[in-house]
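Just so it is clear, A, B, C and D label the chains in written order, and each chain counts residues from 1 on its own.
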Amino acid sequence: MPSVTAHLLRRAVRSLRENVYLSLVATGVVASATLLLGVFLVIVHNLQAVTGGWERDTHISAWFAPDIPVERRFELKEQVGAMEAVSAVRYVSEDEARTWLAERVPEVAPVLADLGPDVLPASLEITLAPGHDDPEAIHRVAETLALPEFDGLDYGQQWVERFNAFLSMLRILAVVLGGMVALAGVFLVANTIHLVVFSRREELDTMRLVGASDRFVLVPFLVEALLQGIVGSGLAIGALAVLHHGFLVRLQAAVDLGVAGEPLSFLPWPMVLGLGLLGVALAVTGTWAAVARFLSKVA
Amino acid sequence: MIRLYHVSKRYGDIHALQDVSLGVRKGEFCYVTGPSGAGKTTLLRLLYVAEPPSEGRIWVGGVDVTDLARGHRHLLRRNIGVVFQDFKLIPTRNVGENVGLALEVLGTPRETIQRRVRAVLTTVGLGGREEESPRVLSGGEQQRVAVARALVNDPAIVLADEPTGNLDGAMAIEVVEILQAVNLRGTTVVVATHDTGLMERFPYRRVRFDRGRLVGEVPCRL
Amino acid sequence: MPSVTAHLLRRAVRSLRENVYLSLVATGVVASATLLLGVFLVIVHNLQAVTGGWERDTHISAWFAPDIPVERRFELKEQVGAMEAVSAVRYVSEDEARTWLAERVPEVAPVLADLGPDVLPASLEITLAPGHDDPEAIHRVAETLALPEFDGLDYGQQWVERFNAFLSMLRILAVVLGGMVALAGVFLVANTIHLVVFSRREELDTMRLVGASDRFVLVPFLVEALLQGIVGSGLAIGALAVLHHGFLVRLQAAVDLGVAGEPLSFLPWPMVLGLGLLGVALAVTGTWAAVARFLSKVA
Amino acid sequence: MIRLYHVSKRYGDIHALQDVSLGVRKGEFCYVTGPSGAGKTTLLRLLYVAEPPSEGRIWVGGVDVTDLARGHRHLLRRNIGVVFQDFKLIPTRNVGENVGLALEVLGTPRETIQRRVRAVLTTVGLGGREEESPRVLSGGEQQRVAVARALVNDPAIVLADEPTGNLDGAMAIEVVEILQAVNLRGTTVVVATHDTGLMERFPYRRVRFDRGRLVGEVPCRL
């Protein structure tokens, strides 16, 4: 370690030791603000995973008219599958359709058996290629499918729109809430650090008066803030992981959530890293601003 | 070394200094005296540029410091050792670190700092008390730490504001003897004090203030 | 105003004036912690309103066997309606059932017209009385409905369980998150107040040394905290209302959320009051604890 | 009025007071003197129960204050006016409020407080400066505010720790004259000081400390 770094670290560590209480407070506040943000990110992340699944599920169902021979149905399947906008086609037989309906609407399951084998006609379930799954593209594809062999088309117009509305609302909500949590976090951390520096303002004054440059005063505060930020973020991420694995995932297993399906996942590493960096950045910039402000008031 | 030219300092209605013109030569020893509130501390504050004067110009060490930019003040202060009237010790650092601070800001190596700090603390009678916190020191001990910090980096100018107010007679004499020794090595020394006994004993030049005005001067009788 | 109160208020206001910066910080921190909690409460509250609706929707569908004459159906409706556990019965004709299915599963809407008039049989939609809608009670009612006239019973066993699981998970999540936000809030407020008192510890010391009783020192701090708490909570509730009415409700109107249905409501007054009191209590107890702690260190 | 019986005070290895036995009668005026670090401040701190002694017993005003419960200390302190060596003024309150504090804690009506504060500030030469902040006062002015606060509630005992360290000769004499006047009205006065000039001029009883021990006593020569 070059001697300047060693020297700065030594000064910062000494200062931390001298101001144990203030350092602990700063670290704790960084940790809790980061933890709040982290909890929020985990929720948004899982929300996105779940609703991302919903989005990907939109597809077109093309119901066959009665009495289309099976060969013709498969011909049509090939044709449709060859379209540029289509990424996959699945043939859904009458039987499958019934099973699907019974699952989809459990209320009718008890009576489906009595309704004969062909409650619903067979259909093609058409999944659109990425880039062709916006409402307009879906509409274009639907128009090319307007053949006499199809009795009806359902491209989930209504559902797509509803989900899009719902998702955009969720996203705006998430952004707004995230923004608020972040703002509150920044405010609280900045405030705390300001108070911490406030209790040491006479020290700043004295250091200047015995010949310290602004940099000499500032740098150990920044190194200190860096350490506090690293420790605080580390604690927050640790707590987040404990909360997630020790609690959320177990909870999910316990209630065996049939609705959301996918297991709740932890944040991906880049996001964890980003969160940590955010905590560190908060501590450092908050300290920087506070010290600079007090220095500007000092001769 | 120090020149004031028609300097005034006002705080609202209060005239802390009024039209003061004064020169202190390099290597001189000079008392600043006068009753409480006369403006002694204010004068010293202007010299280490804690504040700018309201009027007039000030030179310290050949430099016009009247409107010295913030970025240069610390360079000036590294040549001025100040004993503050209220000591200004940092309570979270121990005695050795407080004294060493004046060297630390210069980037002095640690070993040199320790050696110098030990030496100067011994001079003021506090040898071996580096590790204590200034909070637990007696008033006179704190004052001597402040003296030590002002001297530790061998500044060209020493400004001492009431450096013996909390010291008994013998100790006060010792402190002035230390300042005298420093002065004999060529340092310019300005001491604000009330202690007429001391000034009799060490009869250097005195400038007397009253209500902000320079009202009298007694030349050095050494 | 009795003169003691006036005196205390005067002392507190003077102290606030003397410590403008510290007071502003304390007030701001109380406000942001309360706001965070409030945002959280609004979300939980609306969640509960929505999911409360889901719960109340659970009912039993009793599908009629084919060829039950209409008179008999209405007789059965009367009988079922007379049962103690049943609060309402609705007769759902074949037509209604089809319309319902088309709404419920829009994918099949295009082909329903071709499936003949009687896609689904008629049914009774039985709503259970409060206190009889837990899974066991539902099961008991279902058993008494095991008549030959009914072709199948659907009492949403699966859905009820899924929803219950989902809801209990949501609730646990809400409690945990709420607890965390509350804890973080308490920690941050307590910390800030501790720092604020920390910067005034020499004042406490001096006051004790010139003959002040602990109460004399403590009370103005508490009155101050009360004022800070009231102002802080007020700001938080105001901000919450602005956020809600100016943003959330408009957002909802803009995306016309077809999924959740009910308009997002603001917190009911008792909850608003509770939130405000919480903010005030936070400020006061935080200050109390901090001052008491510092006093205990002072002679 | 004040009695110490074999009192010692240790801080770790430091013996701030060692086996001190001492009595001060009601209405007496007594100097505590000795070099820096002798234990003068420590002695006064024990009297207003800032700390308990390590050994021995202490009575103040007929009460055994050796282990005085926290809930009763403020009652004792209301009868003791203290001039602290470091002044202990509250920086966020103005001069009048700082002085008035000693009356405010007694629940004195506002008008009485204002009247008394004005009177006592005039006595120490700071009449009309109630509204100023102690932060901007000169060292000597702060010291006089501290003296005023110690006297404002007419205490039975006044403990003054170096009350003239920042004052010029004339002002120091004035302050001691004020203490003398208070003493003549029956108040017990204990003054820790280094100022031999003052002690010569007002030759009350002196007790001398050195390194925590009571090493000598000069009776009152008035």
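Methods note: a contact is a pair of C-beta atoms (placed from the backbone, for glycine too) under 8 Å apart; a residue touches a chain by one contact, two chains touch by 3 or more.
Treat the numbers as computed from the prediction; the structure is a model and nothing was measured.
Seen from the Cα centre of chain B, the chain whose own Cα centre is farthest off is C.
Here the spacing of chain B and chain D, counted between their Cα centres, is 29 Å. Between chain C and chain D the centroid-to-centroid distance comes to 61 Å (mean Cα coordinates, whole Å).
Separating the CA-averaged centres of chain A and chain C is a span of 23 Å.
Taking the mean of the C-alpha atoms as each chain's centre, chain B and chain C sit 66 Å apart.
Within chain C, no positions touching two or more other chains are listed.
The multi-chain contact residues of chain D, meaning those touching 2 or more other chains, do not exist; every residue touches at most one other chain. Interchain contacts close the chains into one ring where each touches exactly two others, per the touch definition above. Applying the touch definition to every pair of chains gives A-B, A-C, B-D, C-D.
Listing the residues of chain D that touch chain C in their complex gives 48-51, 70-71, 73-75, 77-78, 82, 84, 88-90, 92-93, 97, 101-102, 105-106, 149, 153.
Interface residues of chain D facing chain B in the complex, by the touch rule stated above, are 11, 33-37, 40-41, 85-86, 136-141, 143-144, 161-162, 165-172, 194, 196-197. For chain A in complex with chain C, the residues that touch the partner chain are 21-22, 25, 28-29, 32-33, 35-36, 39, 43, 61, 63, 66, 101, 104-111, 114-115, 119-121, 151-154, 156, 158-159, 162, 165-166, 168-169, 172-173, 176-177, 180-181, 184, 187-188, 191-192, 194-196, 198-199, 243, 247-248, 251-252, 255-260.
Looking at the complex, you find that chain A touches chain B at residues 14, 18-19, 200, 202-203, 205-214, 216, 299.
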